[in-house]
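Each chain carries a letter (A, B, C, D and E) given by its place in the written order, and its residues are counted from 1.
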Amino acid sequence: MSAAMLPLLLLVPLLGALGIACSGRWPNLREGISLLTAIALAALVFSWVPTIMVGELPRIVLTEPLPGIAIALSLEPLGMLFACIASFLWIINTIYSIGYMRGNEEKHQTRFYICFAVAISATMGIALADNLFTLFLFYEMLTLSTYPLVAHKGNAATIASARVYLGILLATSIGLLLPAIIWTWLAAGTTQFTAGGILEGKVGGAAVGFLLGLFIFGIGKAAVMPVHRWLPAAMVAPTPVSALLHAVAVVKAGVFSVTKIIIYIFGADFLFSQPSAQWLLYAACFTVVAASVVALYQTNLKRMLAYSTIAQLSYVILAVVVLTPMATKGATLHIAAHAFGKITLFFAAGAIYTASHKTELWQLAGIGRRMPLTMAAFTIGALSMIGVPPTAGFISKWFMFGGAFDSGNYVALATIVASTALNAMYFLPVVYLAWLAPAPEGVDMDHGEAPVAILIALGLTTALTIGFFFFNQPVLALDQLLVENLR
Amino acid sequence: MNLAEHLPALQVALPLLTAPLVILLRAGFLAWFSAFLASLFSFALSVQLTIAVLQGGTLEYWIGGWEPPYGISMVVDGFSALVLLLITGASTLALAGGRLSLRRDIDNRRAPMFYGAWLIAVAGLCGIAVAGDAFNVFVFMEISSLATYILVAAGRDRRALSAVFKYIMIGTIGATFYLIGVGFIYMMTGTLNFADMAVRLEDDMDTRPIVIAAGFITIGLALKAAIFPLHIWLPRAYTYAPDAVTVFMAACSTKVALYILMRFNYEVFHGNLLGHSELFTAFVIPLALTGILVASAIAMFQGNLKKVLAFSSIAQIGYITLAAGLTSEAGLMAALLHMFNHALAKGGLFLCAMAFVFTAGSSALSQLQGIGRRMPWTMAAFVVAAMSLIGVPGTAGFISKWYLIVAVMEWNTWGPALVAAIVISSLMAVVYLGRFIELAYFGEPPAGNAGLLEVSIPLRCLIWATALLNIGFGLFPQLPLALATDGTARLLGGLY
Amino acid sequence: MEILGLFNYWAFAVLLMVGLYALISKQNLVKKIMGLTIFQSAVFLFFITTSKLEGGTAPILQAGKDWTIFSNPLPQVLILTAIVVGISVTALALAVVVRINEEYGTIEDDEILAKDREA
Amino acid sequence: MSLVLDLLSGLLIVVGALFVLSGGIGALRMPDFYTRVHGSSLTDSLGPVLILVGLMLEAGASLVSVKLAAILLFLMITSPTASYALCHAALQSGLKPRATKLNTSSPASGEEQKLQ
Amino acid sequence: MTTMLIGIFLLSLLVVTAFAIVRATELFSAVMLSGIFSLLMALNFFILDAADVALTEAAVGGGVATVLLLAALKLTPPAEAPSRGLSGLSVVVVAVTTLLMIYASFGQPSLGDPDAPAHGHVASWYIEHTPELIDIPNTVTAVLGSYRAYDTLGEAFVVLTAGIGVMFLLGGGRGKPFSRLQTGTAEGLSQHLIPKVVARILIPFILLFALFIQFHGEYSPGGGFQAGALFVAAMILFTLVRGERRALAVITPRALLLMSAGGAFLYGLVGLAGIATGGQFLEYNTLASDPIAGQHLGIILIEFGVGVTVTGVLLSIFHAFIARD
């Protein structure tokens, strides 16, 4: 397929958004259109896989507003993988949203679906970005388009947390990321993602570590502590949005950008030949452990999941930092695996909320007997988070572990082990509570399962979570390509 | 006769000569319509001029056929063309969009006078933009100022009057300071023509009077351009002027003062005045910085949309002066580009503000709560323009901010500090605009105006056209870039 | 003598000062306008001073009159224009003052400010 | 002959100047408004006349003296009118002359009767 | 030398008057003082060889400005509120400015210094070339009307703008547009014998003089603006003695509007005629077959335009102020 087709990946969701805007009056038509768009997009994305598999790197320049600063798209394995995950999960998420939004009679549903579609378009843009500038452009577009989603409820509390969300993401991106990009541009004369990096020999010494810091904390979406605050704040959003944030688009966009910058801008070898860049490893490890510990003390289900996400993201960064081919594969695998697991968990949480309006952990006691399917899915998701076979989580953790072992990076090893234990410590009690504990007094248990649309979505993601354990060859193949490109 | 070669003169003559005819009309609509047509045609003229400049380079026109410095000459280069586009474009936009709003602000029988003044203001500003003669600049500065006073005084709120009086006083001081400076230069060089001055100044490098002259001219024009801390006239004038007038002024009036400021300092003084560049930098940059930060900070705490935007204008003027103060090629590029882009963004914002005020009847934030849900289209356009003002990539504002930051980075060791300041002020812009946007979308509409409706379709289209321009010039900034490059080259002619 | 030749400049400076002072610190708007007039006339004086030529006469080249030295016509022309500009500004400012007096009932700057604040 | 003319004109000019001066002093020293106007207006109409005549003698029979004559004429007309208008305005605005006792009718009303 | 001493004397008077203006709390006396100030200024201009400027300053400062100030004072409180002493900031600003000026003055050529740069270059060119290029005695008029006609065009439009502003702000009395201006005060001083007679005598002369200044401007000091001011003086005198109603019957508001706009427009048309006849904007050489004649024609036309505009505008302003009460 010719590179000229790349912009389609952005246009399809935008057209979908337009269609949704026009069909706002007729809910069925509207949701039909959103679903259709999702499927069309996914089909388009997957149709690219063979092209990429044979090692092509399609690239197209849309416009060049400033000399050396082009808005250009290109598709390389990593982006391909990300695009596939996002577009595919969007279908499921759409099905789920239909059930959820109707189940809870939310307001402004048209606005919701429009922003959703725009957000996906932005995500595609991030996946296809050919240079830092384009990346930044769509990164901001994603932030702005998700703001209305987070603030969806529109009551004072929601707006307050939405403000935190927007504030942190915009402040970090404008305040740190943009200067970092300009610095890169001034130093290297280009911002294009190139295998092996563009900064080698352009900057040196402490500057490297500083620039890296600007990038890492500038990309607030990667939620490396201390710029993680927006993620728990965004918990006020409706569940499909949380799913979008945690699994489909936003945080993934964050770690994806970080990975891309590390391997394509700095160039992995160059970066970690620089002592001043080593801090990143420890920052990641710290985030993993700290976030897991915080998660231990959460009493609200979604907040707990949020902190677990923060921890899981830093896994990815950790893996990239460890930087053996194997670990890099682990990182990309984990992007996928975590996506499947976390979306399952969120869907489950949403299902519980829809069915019983329960949000606190203690309320979940004995809920397993009421909503067996949901809780089954939840359990599988939890296991995947911990990394127990046969779930997706195991695969990625395995690769990371191996990578860390090869490079003899014992800090990373210790972190992974510790956090696995921690994961178990905060997930298993919930499972136990849900299945075995007796229902506490004063909590009504007279509710059944969630609406069917939700259950379908839930089932799909659960299936993915398990299926990924057995059928991960395509992803591995992509990883292989990626790693070869790097070497 | 070939009209093409007379473009510079016609650019001024057309609006100027339409004005006396307009004031003779009796009906408001006719007056508006003829003013609009005249403005439209002069916009066409400036487009023609721009094309001519891009193809044939700088144009020079000898008025009365007298060779400068004996006669008055007009000089049109990329920079002038850029400013001309701003002036005529803004005026056309404001007239087209502001018809209803103006009809409400100015009663029908006084309207002819008002539109006459409007055209004279346009002509005066154009006259400054094409002038090649220092005293001629003074004359046309006064024409445009007087006309602008009238436009501002037409505001319905009585505070418009006290605001305009302050404006008159400060404006006249500024103009007179400028005149004093010109007088000193004339005394030492015996000429009034910019180019000729530059030549003859080389003989007497920095004699005292010239240094003083530079000071007077810079301060006088800084007063007119509302460079912090000489901005005191601007917020009230912008706030209490009729909304359409604010659209027009915000887009171009201060820009023109900055234009002539840069003209003078670069083409005449730099290079001819020992150490003038350093002096200029040392004088301008601190003011610009404090202006940027303080004005943005003040803007965050205003309770009135137009005031917010006015203070943000002061901050943006700070950006332009900062860039101009760097006395480097990149800096000048940034300054010129930012003039253009800020005009786009601010014009769009004030246009939306006009629409809001037109429906909600007040620009107080409390009255505008929830307006975003009532007027989704206008509000969306507002958001786009706001992003351009903040400098989100993909919008026009980003281009100039990029140039600005790059210019600052390569300035000297202080670069990073300045970048920090710029970034901080951009974040402040996020705050003060976000504040309004948030309460426009999620705020509870006040009791009175629950059933507000969108403004008329044509106005909406106009607003959206402006918004799309903001995006268009963000993705394809070739035109302003070309003009800015040309203008910069000419300005720097004086520097090296 | 040489120093006395600069007297015009000093007078100009002092007038400028007086005008500017009245303009800035007087509360009464009409007084401000008068200050403005003084301020501007000072500048006119300055320009005309630059036009004077020792032993010259008004630049009117009448036939038969055997003047050879003429004062410089250019500053005079500029000031003709400037004077007209000045009176125009004064007229407009006065009109504004009249309107202000109708709206506020006072032409003292501080009182007007007070009334704006309470509004 | 010319010497005589010069002397004469000089004399006229000096005397005229003295008159103007006295008028000025009067304007400062007189007790009340009307007397001040009276003093200054009288000298104002006499002083300039003398000065102008002196100047005309200097100029001799030429265009200049014609102009001077014209000025003289206008002065003769305007300056009394001015003082009249001044006093009248003062009277209108109710400023009473500070006059010591005359006959029964009050000075102010007397003035007015004279006016109508 | 003597001229210089006289100059110094007058300048000192000027400064004293300025201080007096600032200190006077009675606005009326302040107005009178500012009239005196302008006349002194005019004298100064005259001994500095600037006859045209002197004439203008006398007409504008002594005449028009004073009338306008009085007209405004009629509508505003006559006395200044007791002010609160010197304000620190302003004193500082002012002092700094003055010091700058005096500092600068020492680098400047002393009064009348023949080899000051200002007198070389452009100025001398004007003196030399005017006779053969334009051939009118009054170089000032030549520069004003031809070399720098563009500035003068601007001047005319500044006046027009001021007129527009006043008409816009004040209209013809409350809530009426200027063109509908009419006024209650019918009589003026017409029942007073002396002013009436005197006015009868004077007005024709003033008008005559105005016309002389208008059309003799090429040969002697004067020109459109001064003439206009004189014309207005005559009309104002007429208004004072015969009452506004009569005055407005003579020249109706609509006519005033037409004059204001028409004069400026005429000026512009002359400029365009230059283009139409194949010259530049405001080029007169092409107006007639013979360049010199063309120059004369052009200058006369634009001077006329200026005169008409000035008359119209100043009178409108006067009436607008009067009608406002």
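We take it that a contact is a pair of C-beta atoms (placed from the backbone, for glycine too) under 8 Å apart; a residue touches a chain by one contact, two chains touch by 3 or more.
None of the values given here were measured: they were computed from a predicted structure.
Q: List every chain that touches both chain B and chain D.
A: Correct list: E.
Q: Could you tell me which chains are in contact with chain A and with chain B alike?
A: Neighbours common to chain A and chain B are absent.
Q: Smallest number of touch links from chain A to reach chain D?
A: 3
Q: Please work out the Cα centroid separation of chain C and chain E, and write it as a whole number of Å.
A: Using C-alpha averages as centres, the distance is 12 Å.
Q: Just give me the whole-number Å value for how far the CA centre of chain A lies from that of chain E.
A: Going by mean C-alpha positions, chain A sits 76 Å from chain E.
Q: Centroid of chain B to centroid of chain E, CA atoms only: how many Å?
A: Each chain reduced to its C-alpha mean, chain B and chain E end up 31 Å apart.
Q: Between chain A and chain C, what is the gap in Å from one C-alpha centre to the other?
A: Taking the mean C-alpha position of each chain, the two centres sit 70 Å apart.
Q: Listing for chain E: what residues touch at least two other chains?
A: If we look for residues of chain E contacting two or more partner chains, we find 101, 104, 106, 108, 116, 118-119, 122-123, 126, 148, 151, 154-155, 158, 161-162, 165, 169.
Q: Chain B: which residues touch two or more other chains?
A: Within chain B, residues 135, 139, 142, 146, 149-150, 153, 186-187, 192 contact more than one other chain.
Q: What are the residue numbers in chain C that touch two or more other chains?
A: Where chain C meets two or more other chains at a single residue, that happens at 16, 20, 50, 74-75, 78, 81, 85, 88-89, 92, 96-97, 99.
Q: Looking at the whole structure, which two-chain pairs count as touching?
A: A-B, B-C, B-E, C-E, D-E
Q: Within the complex, which stretch of chain B touches chain C?
A: 135, 138-139, 142, 146, 149-150, 153, 158-159, 161-162, 164-165, 168-169, 172-173, 176, 179-180, 183, 186-187, 192
Q: Tell me, which parts of chain B touch chain A in their complex?
A: Listed in rising order, the residues of chain B that touch chain A are 387, 390-394, 399, 402-403, 405-406, 409-410, 419, 423-424, 426-427, 430, 434, 438, 441-442, 474-477.
Q: Of all residues in chain E, which touch chain C in the complex?
A: Chain E residues touching chain C: 4, 7-8, 11-12, 14-15, 18-19, 21-22, 27, 30-31, 34, 37-38, 41, 44-45, 48-53, 56-57, 60-61, 64-65, 68-69, 71-73, 75-77, 80-81, 83-84, 86-87, 89-91, 93-95, 97-98, 101-102, 104-106, 108, 110-114, 116, 118-119, 122-123, 126-127, 130-131, 137-140, 142-144, 148, 151-152, 154-155, 158-159, 161-162, 165-166, 169-170, 219-221, 223, 225, 317, 320-321, 324.
Q: Can you list the residues on chain E that touch chain D in the complex?
A: 192, 194-195, 198, 201-202, 205
Q: Can you tell me which positions in chain C touch chain E when the two form their complex?
A: 2-22, 24-28, 30-31, 33-35, 37-38, 41, 44-45, 48-63, 69-81, 83-92, 94-99, 101-102, 106-108, 111
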